[in-house]
Amino acid sequence: MFRSQYDTDVTTFSPQGRLLQVEYAMEAVKQGSAVVGVCSATHVVLAALKRSFSDLAWHQRKIVPIDEHIGVAISGIAADARVLTKRMRDECLQHRFVYGDAMPVGRLVHLVADLCQKCTQRISRRPYGVGLLVAGVDESGPHLYQTCPSGEVYDLVGMALGARSQSARTYLERHMDEFSSASREALIRHALWALNETLASAKDQHLSAENCAVGVVSIGDDMRFHLYEHEQVQPLLDACAFPKSGGTATETSTEQAPQNVTDSDEHHDATMQQDTP
Amino acid sequence: MFRSQYDTDVTTFSPQGRLLQVEYAMEAVKQGSAVVGVCSATHVVLAALKRSFSDLAWHQRKIVPIDEHIGVAISGIAADARVLTKRMRDECLQHRFVYGDAMPVGRLVHLVADLCQKCTQRISRRPYGVGLLVAGVDESGPHLYQTCPSGEVYDLVGMALGARSQSARTYLERHMDEFSSASREALIRHALWALNETLASAKDQHLSAENCAVGVVSIGDDMRFHLYEHEQVQPLLDACAFPKSGGTATETSTEQAPQNVTDSDEHHDATMQQDTP
Amino acid sequence: MFRSQYDTDVTTFSPQGRLLQVEYAMEAVKQGSAVVGVCSATHVVLAALKRSFSDLAWHQRKIVPIDEHIGVAISGIAADARVLTKRMRDECLQHRFVYGDAMPVGRLVHLVADLCQKCTQRISRRPYGVGLLVAGVDESGPHLYQTCPSGEVYDLVGMALGARSQSARTYLERHMDEFSSASREALIRHALWALNETLASAKDQHLSAENCAVGVVSIGDDMRFHLYEHEQVQPLLDACAFPKSGGTATETSTEQAPQNVTDSDEHHDATMQQDTP
Amino acid sequence: MFRSQYDTDVTTFSPQGRLLQVEYAMEAVKQGSAVVGVCSATHVVLAALKRSFSDLAWHQRKIVPIDEHIGVAISGIAADARVLTKRMRDECLQHRFVYGDAMPVGRLVHLVADLCQKCTQRISRRPYGVGLLVAGVDESGPHLYQTCPSGEVYDLVGMALGARSQSARTYLERHMDEFSSASREALIRHALWALNETLASAKDQHLSAENCAVGVVSIGDDMRFHLYEHEQVQPLLDACAFPKSGGTATETSTEQAPQNVTDSDEHHDATMQQDTP
Amino acid sequence: MFRSQYDTDVTTFSPQGRLLQVEYAMEAVKQGSAVVGVCSATHVVLAALKRSFSDLAWHQRKIVPIDEHIGVAISGIAADARVLTKRMRDECLQHRFVYGDAMPVGRLVHLVADLCQKCTQRISRRPYGVGLLVAGVDESGPHLYQTCPSGEVYDLVGMALGARSQSARTYLERHMDEFSSASREALIRHALWALNETLASAKDQHLSAENCAVGVVSIGDDMRFHLYEHEQVQPLLDACAFPKSGGTATETSTEQAPQNVTDSDEHHDATMQQDTP
Amino acid sequence: MFRSQYDTDVTTFSPQGRLLQVEYAMEAVKQGSAVVGVCSATHVVLAALKRSFSDLAWHQRKIVPIDEHIGVAISGIAADARVLTKRMRDECLQHRFVYGDAMPVGRLVHLVADLCQKCTQRISRRPYGVGLLVAGVDESGPHLYQTCPSGEVYDLVGMALGARSQSARTYLERHMDEFSSASREALIRHALWALNETLASAKDQHLSAENCAVGVVSIGDDMRFHLYEHEQVQPLLDACAFPKSGGTATETSTEQAPQNVTDSDEHHDATMQQDTP
Amino acid sequence: MFRSQYDTDVTTFSPQGRLLQVEYAMEAVKQGSAVVGVCSATHVVLAALKRSFSDLAWHQRKIVPIDEHIGVAISGIAADARVLTKRMRDECLQHRFVYGDAMPVGRLVHLVADLCQKCTQRISRRPYGVGLLVAGVDESGPHLYQTCPSGEVYDLVGMALGARSQSARTYLERHMDEFSSASREALIRHALWALNETLASAKDQHLSAENCAVGVVSIGDDMRFHLYEHEQVQPLLDACAFPKSGGTATETSTEQAPQNVTDSDEHHDATMQQDTP
């Protein structure tokens, strides 16, 4: 914690060639509630845990549609995400107006990434403290991208961001071979199972129609991004057949999830300590 | 109090990915006098405690109309609130001029939030030290929103901000199930009872026509924001049947308020110490 | 005095959510010589103690007319006040030119307050170190406002600013019930008696035609701001029947002022120490 | 000398509400050589001690004409004074061009003061380190003003600025009752006697046609500012009948000056130490 | 690590005439995964190790085409590289539009270098933390250039950048005499053998069709940059006849690589410690 | 050397009202090689010691013509001088173009001084580290001015700037009564004798046609500035009859120079230590 | 090395009137590889040691043509040199376009120097860390200039810059009398002999056609700058008859070089330690 002198000004490299401010901004991404994305050869699915800052507030949106064919899951500073997603919507609209068709997903993602990169090089702004999972389809098929505060972009088959996401990533890595050929329903189940892992060590929390959102977009005739929230989520959750609250969530999930989850649980304990959502 | 180096410049992330200046601005919101908002399926009610900086001054306005269908309750730095609310009025006027109808509530709230977010990312300005409860109706029904110095927005069924507001939030959380179907009169009583909780531990203070304001907006033919101040508030207070000053306020309120208020009183003592209104 | 790190830059919040630079600017207001304002249902009266920085200089103006119907009493940094009052005169002129009638008092006051607020949020300027008492009449009647370095505005029935003003405020609070129905002459006497209180503990100083100015504006046919200085003030002072210099000023004033002034004297001693005019 | 943190940036208030940089700029004024101004009902007289930075240099001008009817005496940083006086000349020219007559003295002085005030509020510039005594006549009679680095303006009957000016001010205060009705000649003598006081304690210095300048402007037909330098000053000095060098200057002056000068000498010793011209 | 005061601000020289911030940016280049370039009299070949930040992500592109005749291999901060390569593509397009033919390679490289240099001299931006190997052909033949964060440009016959690149450079230096007359196939083998050296000390890593990309551009009729990725790379790898995993990679490579590789291995150990990819 | 806090930023006054950065810039002037100027009623003469930074370099120009009637001698930072003299040439050209005649000398000097003053008040620039001796004639006769980094201007009969210039000033002060009526030849001799004083204590240095330049401008028909360099200087040096190298220069000069030079030598020793040319 | 406070910001003078940042930039010049320039009455010759940052890179250009009649040798930061030389080429082109003939050498040099000076006075940029030797001919004959980071310009008969250049300067000083009348061939030999001195103490380095470049420009019919590199240099080197590698270079050179080289060798040892090329 005493890495002074190089970490307060984003325009300064440390002697090791690192941009510490950017790395700290990535910590802000880790503090958001968990989001998960998975991509098959035909579909992309986003799943997100909606966190409510108070019992009196509606859960905040964690998955937001950008254009007909693109949706985004958010982890990090909500106000920064709103600014970026608004810009994404404007770019898509502008593209439709100018070219008469939908913005390719990769192009949109790189526009966002350029916005993020600029904030890491100019002294007048801080980096955006938000990570996005961008799901969309275009002529080249379905795509799942991740953007970072650093301006970097990753092309993914699956990813989990936010608090306690390490356990979700462990799940995804174990099942990634099954994604490519998975059906729409199977892919949604994978996303929800992975999301459920992030709650496995928290006794009184479990996925519900209230705290969970799912977004799906597919190739084919209907290339539209569908967002499932509230009661629409319940059938999807039911299809997962999570263990109901009884016994510790971790034990129960171990029984139904693939055999190697116990191994991932050990990672849980480590990540629990460093994540403070 | 020794969190130096990361907390003086709003554009700098701490190693934990936090923006401490924004968090400090939120403390400014806590120093304002209490405001309460509640939302039913048909109405939104704001109630505010007006604080006078001197016996010689008129009480400052804490609830201000923005447009015919929208009103705002303020907690935090009054001068910042004036700037934001003035901007909100301009935006509503502009919207009526351009589109010929009323600004949707959510759109207005996000405009304010974007203004707030910008101040957290540019080095030339400090964050706005004010929180707003925005009440309004539009075609999608009644809405209660909260804006924060961080630029975040919350969609709410009820909320209390400002000094000693924890006790009001406790009240609201206990009664939130009753809000949705509450009548106009019942909803006003809930707002005033919650507001009264913030005074419960202060012996010589109680709600009066002088220190209290109420704002109501409803769906239906008359979608106008009504502000009740001075003598107009008295009937509303009378309807609450608060205990008159006699005995300690805390004890008395316990008798008439729901049974679990004593539990909330324990929270009082904690919040009393950190709030210094 | 060791509140370092948060108090040198106006754009920075302290961890308690305070803007210390603004609070220090308010100290500059306290260092000005005393000004008093009182408002009845029909009149507003300003009274000010003119301080001379040398026997060789004419007393500086402390009450200045802004427009026909508005005048201002100043406490704080004179150069800042000159800039603000000049801007107020320009705004009034502009309003008469555009709308053909007099600027409403409240609107003018909020323009000033916005100027003050901007200086508290932008890093390129310090806050204005001046407080104004603004007296005026418009269609909604007589008004007395106070503006602060913070950009806050107060709507008042009476107020005293500047060095040793606490004793004047104590006087005003004791007599505030009499203001509303007071005649023009009675209201002027109240203002001068309150102003006299600020001198009560200074042995060789007393109000005189030289060091004192009075401004009056009334509703009715003649809605003009009248400024009384030099020999014009003497009749007003004579009407107050202050005790002539003989014995200590404090004792004498106690005899003629309301009975509870002795109580206020105890406050004197405290405020004397912190005020260093 | 350890008033750190609040005194290096002019835009920052100290916790006592002071602008220390402005106060330090006023110290620069005290380091200039002495200038004196006196004002009667009909005339204004400026007198200045010209200091030469080397025997090889001509004495610098300390009294400069601004317009036909206005002249200025300078104390402080010469380069700053040149910038301000040039601006004053431009404004007078502009006024004559636009309005066809002479700039009122007070208006010109307030233009200068506004320039000075701006430098105390913007972070991009330091305050002007110069004080001006402005002498002029207009339709409202003769005027003597002083401008300060703070942007403040004083309306004066007499004043002395610069090194060892305290003794001159003491002289002026003792004789100020005689100024109003003084003749042109008498007023010049007062100015030179006051100026001579600033040299009283310096053994080998005395007023001479070389180191002294006098400026006079009067009401009446000839409202022009007359500047007396070099040989023109000698008759004015002769009329003063100063004691020639012999014995200490202080003693001698005591004999011819009014009886209470010995009292002022005690002030000399104090001010000698803090003035380091 | 205590080289304070001169290394945090890029605009400041150290007393030794060094720009430490630029040197730290060069460290960022060393942290990228390895890239290799070799140039013969007729061909230029780029080879790169694609690193995946997660098993779930596709390997990031390390070799990107710029124009028909130019390609670039990247080492360092990916987001900075994306900004620079995008600018390069724009410049090539613009050149084709204006002049009707392909941008000369050297001219393009110097445009990039000027962008980099500007960031080392202006205070508002940090240096770009990326190094590029630029391969292209134009009328003057094949070219291999390296650009640096400092804005410097090198004209090369071979080069390796990034993590553990010292061992690759050692390989290139030993074989550089063979490059000039090497066939297309031989040159590709040299590039891959050099790239393989960077993995020699890492037990479980070896070049594969997944983690490796090759780019080739040649003079002659087809002056196009060809990029080989995924399955296209396998034949090229097969042609190298690397030892399959079995025994330590270092030992095996020693057997098949030129005789002096053991000597280079000693360099490995040194560079391993300072490289922390 | 511990005058911290007030001396690094030119826009900041020290508590004593001083601008230390400006004072340090004046030290830069003292580090230049010596220049001398003398002015009679009919002529102005500049003489300068040209210092070569290497035996391989031509001596730098120390006296430069500005316009037909004006020349300048430079002491301080050469690059700053080049910028200022270029600006002076532009202003003279512009004046000739607009008004059809030569720029008055005083006007040109004040333009330069204003440029210098601006740099002492704006935070974005440092003061110019150069002093100029400006020699010229116009309708009001011959003029010798000195400009300073502070923006101050001095009107002179003689002056010496730069390293070891104190001894030259001592010479000038002793002979200044002879300047006014001196002939062209006599005035040149005075300038060279004074310049020679600056070398008096340096054993192996003496004025020569190589290291010395002389500029002369006179009233009368030919009001042109004549610059004598190289072989043109030799006759002027010969006319001075300096002692040839033999014995110490100091002793020899004492014999031929006026009798009071020995007295000045004592000053030498003092100034030698503080000057480090 | 503890000259803090005055040396990090180029806009600040030290109390001794020095601009330390500029001095540090000059250190950057010393770190470049050596360049030499010599000027006769008819020719100017540049010679430079090309340093390769790797065996794999072509030697960087150290002598670059600017216009037909001007060439430049570079020592210092290569990227800064590229920016400056590009600007020089633009200015020459512009001059040819506007005036129809070649830019005078001195004028071009002063344009560069002004660019350098600006960077030493404005806070937004660092000084250029490069020194140039500019060789050219124009109507006034052949010219050799040196520009510095400070913005200073020197007019030279010979000069050496960069690492170990002290020994070359010693050579040049010993032979400077021979330059003026030297033939083209003799002048080239002087330049190469001087350049060779910078390698004298490095055992395995000697001038070769690979690491050495020569530029020549002459008056007469062909006023073009000729650059000799690679095989073109060999005849020039052969004409110098340097001792072949055998024995220490220093000893050998002593035998063939003029007799006083041994004396210069003593300087070698001193300069070796401070130069760290």
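Annotations for the structure displayed:
First chain written, first letter: the chains are A, B, C, D, E, F and G, and each begins at residue 1.
The definition used in the following text is that a contact is a pair of C-beta atoms (placed from the backbone, for glycine too) under 8 Å apart; a residue touches a chain by one contact, two chains touch by 3 or more.
If you want to know which protein each chain is, UniProt gives these names: A, B, C, D, E, F, G = Proteasome subunit alpha type.
The structure presented is a predicted model; accordingly, all values stated were derived computationally and were not measured.
Think of each touching pair as a link: the shortest run of links from chain B (Proteasome subunit alpha type) to chain D (Proteasome subunit alpha type) has 2 of them. Looking at the partners of chain D (Proteasome subunit alpha type) and chain E (Proteasome subunit alpha type) together, they share no chain.
Taking CA atoms, the transformation carrying chain C (Proteasome subunit alpha type) onto chain D (Proteasome subunit alpha type) includes a rotation by 50°, reported to the nearest 5.
In whole angstrom, the spacing between the mean C-alpha positions of chain D (Proteasome subunit alpha type) and chain F (Proteasome subunit alpha type) is 32. A separation of 73 Å divides the Cα centre of chain C (Proteasome subunit alpha type) from that of chain E (Proteasome subunit alpha type). Residue positions of chain E (Proteasome subunit alpha type) touching 2 or more other chains, listed in rising order: 9-10, 123-124. Taken as a contact graph, the chains are arranged in a single closed ring, with each chain touching exactly two others. Begin at chain F (Proteasome subunit alpha type), move on to chain G (Proteasome subunit alpha type), and keep following the contacts round; the order you get is F, G, E, A, B, C, D.
Taken together, the chain D (Proteasome subunit alpha type) residues at the contact with chain C (Proteasome subunit alpha type) in this complex read 5-6, 9-19, 110, 113-114, 116-117, 120-124, 146, 150-159, 169, 172-173, 176. By the touch criterion stated above, chain D (Proteasome subunit alpha type) contacts chain F (Proteasome subunit alpha type) in their complex at residues 1, 3-4, 7-10, 20-21, 24-31, 53-58, 60, 77-80, 82-83, 86, 119, 123-129, 276.
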